[in-house]
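Each of the two complexes below includes chain A, the first together with chain B, the second together with chain C.
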Partner chain A sequence: MSFLGLGGGAPKLSSEQKVQAAEAELDMVTDMFNRLVDTCYTKCIEKSKGYSEGDVNKNEGLCIDRCVAKYFDTNVKVGEHMQKIGSSQFPGRR
Partner chain B sequence: MDQLNGREQQEFQKLVEQKQMKDFMRLYSDLVQRCFTDCVSDFTTKTLTSREEGCVLKCTEKFLKHSERVGARFQEQNELLMKNMR
Partner chain C sequence: MTDSSKLVESQPTQASSPASGAAKDAKSSTAKVESKGYSNPALKAMGINRIKLPSRNWMIFLSVTGLLVGGALYDKREQKKNRDKWMKLAEEYGKAQISTNTTPRKVTVFVSPPPNDYLEESWKLFRRYIKPVLNSGGIDLEVLHSNTQGSIRNRVAADIRNLRREIEKNESEKAAKNEGSRSRLSDIIPGFITRPWNSVHQYFLSEEKKKKMAEEEETRQAQAFKKQMENHKHILGIYLNDSNKDQMMESHSEDSDNNKPLNNIGGVICIGRGTYKEYMLGLHEGLLGPLEKPERVVEAQAADEHRILDQKRKRDISRLKKGEELNEPDIKTVEELMEEVKANRQYDDKKSFFAQYDNPDDQDEEYGEYDFTREPIKAYLLPNEYRKEGKLAEEFKNYIFEDKPSVKIPTDDNVPPYYQQPICVMPVPHLLGFLTIPMKIYRFYNKRYVADELGELSFSVVRNVVRPFDAEKDLDLAVKEEEDWPKKWYQKSVDNDKDWVRDLAADKRVVSNLWVYDINFNKDDL
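Coming up: the complex of A and B.
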């Protein structure tokens, strides 16, 4: 598995470096997942008046699905935009 | 990650297990914090009132179901992203 193109097709790495890269990738995915859980919980879960039910209701579920999809969308868009700005500001690098 | 050889896989697996334990402890304390903040604000009693307790139970259940659902969507979106990158 590779995330945002990291970890794929890298030049020859030592064993230690490869495990480190895999660890960094795992940390990044875990971190993103935790942020996502947190953010979408804040945005989607109705917690007014002390939680009326333990289930995730229809509205909340729909909101969660869209929240995750949009988070990924945002992730890609920010990445692309940063790259664009980066390549125009430091034209020699890419 | 699939380019790791057997020994590296093993080493990585060990790391994963350590992280899982840590992650679980973090999930637990985060959940306590979250449900306490959302459910308990009356300090005229020393123990949880039945309303507070009910709220805490619902809060816990809801959060776990929430993160399960986020996990499922996360996996789908991640696979989609990988496919588009190839």
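Coming up: the complex of A and C.
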């Protein structure tokens, strides 16, 4: 990131790693988002009546609200748990 | 009569006795040849010799079991039918369109367990018959449940008191601000407009001061920009160039609509007669009662605290005897505890039973966890004191009136607090005890009527048509349930001065502002 090679910026390797990590993270977030949209769409819109109307009605709106909230909560909970398991199983790593 | 019949009976037997031997022979031979049941060659060819009814005992067993199981299944099916009927009616309301940034009407549900039983019993009714109807009607729920008598009362009253404190604080702040902004000139000359004087004042400001003010302005703008950057929606996305993007993106509740009449906003559902009683008691206590704990309550609370400490001490002593090392437990007297209770008066209102549900994240920091061994705090105002000592809260003088309809109490989200919302009471039929078993059996096979009743009530919430609270009959909502309450439990509650066994009293100042969901609708019109 240094300007004209001056300033002795961070080593190149680590910045590549950083980009990789960021990409992995972005992949993960995108994946989760896609799944979330997919799940809540099938659950709340497709299963009720599909596209019978252009607008969202109360039931669908409520369903989507709850679905998204629960999905996020569960995701966070599962993530935390997995991290705990991971750190307890391979304590030497990292 | 008996003699003659005996004669008649005895005569044929005597007459037939000589021939009985022959008849027996004939009977046994025919029994061997044509036995009971149905048979034909085709069945025989398939290996089934005879089709016949089971024996008498089997028949009794099967018919009794069949009846019991069949009755239960029939009832179950009818329950479902009744529930579906109300769900279908409610669905029409759920189909109403709603914009994507609006959340539907939210109803507060209070649940508490029936006497001497677990919360699950009331919960079951809610899950089976109430929630499906509300759900298909597109209504959001907030459920508050308690396990001890009095905690709902305490919560409702504490909520009102907290709001009163907040209003008080806001108003005093506002007054202080007004005081501060008033200039000296306007003090001297009444009616002098402050603004021109201010602009003149500005003119005489020194250069330095002007520079400082410019700097301040710059930092303010920088902060505003930073704040805007925090929300990525402001700098990219489909709303970027939309002029009313703030309005479009901001999510708000349907209840916050100012055009909606006050009595059609939100709603309160009390499940069970006891819950309703607690709710009404809490409402009166909060609106008419004092803001600070009266001496009587302080005493009771200190005594309760002392009881807990005493128990702990006894436990500690028994452990000491066993040879475990312990610090000498310090015993506070009731007087000392009373001082302590007085010292954190407001604290208790915030640390109500439900605080842990409200903000599970910061429960430890400020108010601490709720101690389940503790009794809910006693009422600040009892029903027999409403008239004499009760005074409609000063803080609500701009919002709640004695003689005319009340006005929406402003809150952050513009949704009025739940004690301004209409009420629905759901009965919880629940029997306990050995002698009530026949009645329990009868009720078990007639649950469909409960399903119908609760469905109708839930639908009335969805339908959202209200009528004013009528103190004469509405105090007795679901009163029939009290007949089910066990006598021993009732006596115990009376002895311990509990809330469920109190006589309800309605005070006009509170009740004149309440609304109840109307269930008098013509079902054919729907």
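As a working rule, the second predicted complex is superposed on the first by the 61 of 94 C-alpha atoms of A that agree within 3 Å, B and C clash if a C-alpha of one lies under 4 Å from a C-alpha of the other, contacts with A are read in each partner's own complex, and residues count from 1 in each chain.
By definition in this document, a residue touches a chain if its C-beta (ideal position, glycine included) is under 8 Å from a C-beta of that chain, and two chains touch if they have at least 3 such contacts.
What you see is a predicted model, and the numbers here were worked out from it, not measured in a lab.
Partner contacting the larger number of chain A residues, of chain B and chain C: B.
Once the two complexes are overlaid on the shared chain, A:59 sits against chain C while remaining clear of chain B. In the superposed pair of complexes, A:33 makes contact with chain B only, with no contact to chain C.
By the touch criterion defined above, A:25 reaches chain B but does not reach chain C. Chain A residues in contact with chain B (one complex) as well as with chain C (other complex) are 53, 55-56, 61, 65. Across the interface of their complex, chain B is touched by residues 1-3, 5, 7, 15, 18-19, 22-23, 25-27, 29-30, 33, 36-37, 40-41, 44-45, 47, 50-56, 60-61, 64-65, 68-69, 72, 76 of chain A. Across the complex, chain A meets chain C through its residues 53, 55-59, 61-62, 65. Considering their complex, residues 1-5, 7-8, 11-12, 15-16, 19, 23, 38-39, 51-52, 54-55, 57-63, 65-67, 69-71, 73-74, 77-78, 80-82, 85 of chain B touch chain A.
On the side of chain C, the complex with chain A involves touching residues 91, 93-100, 102-104, 135-140.
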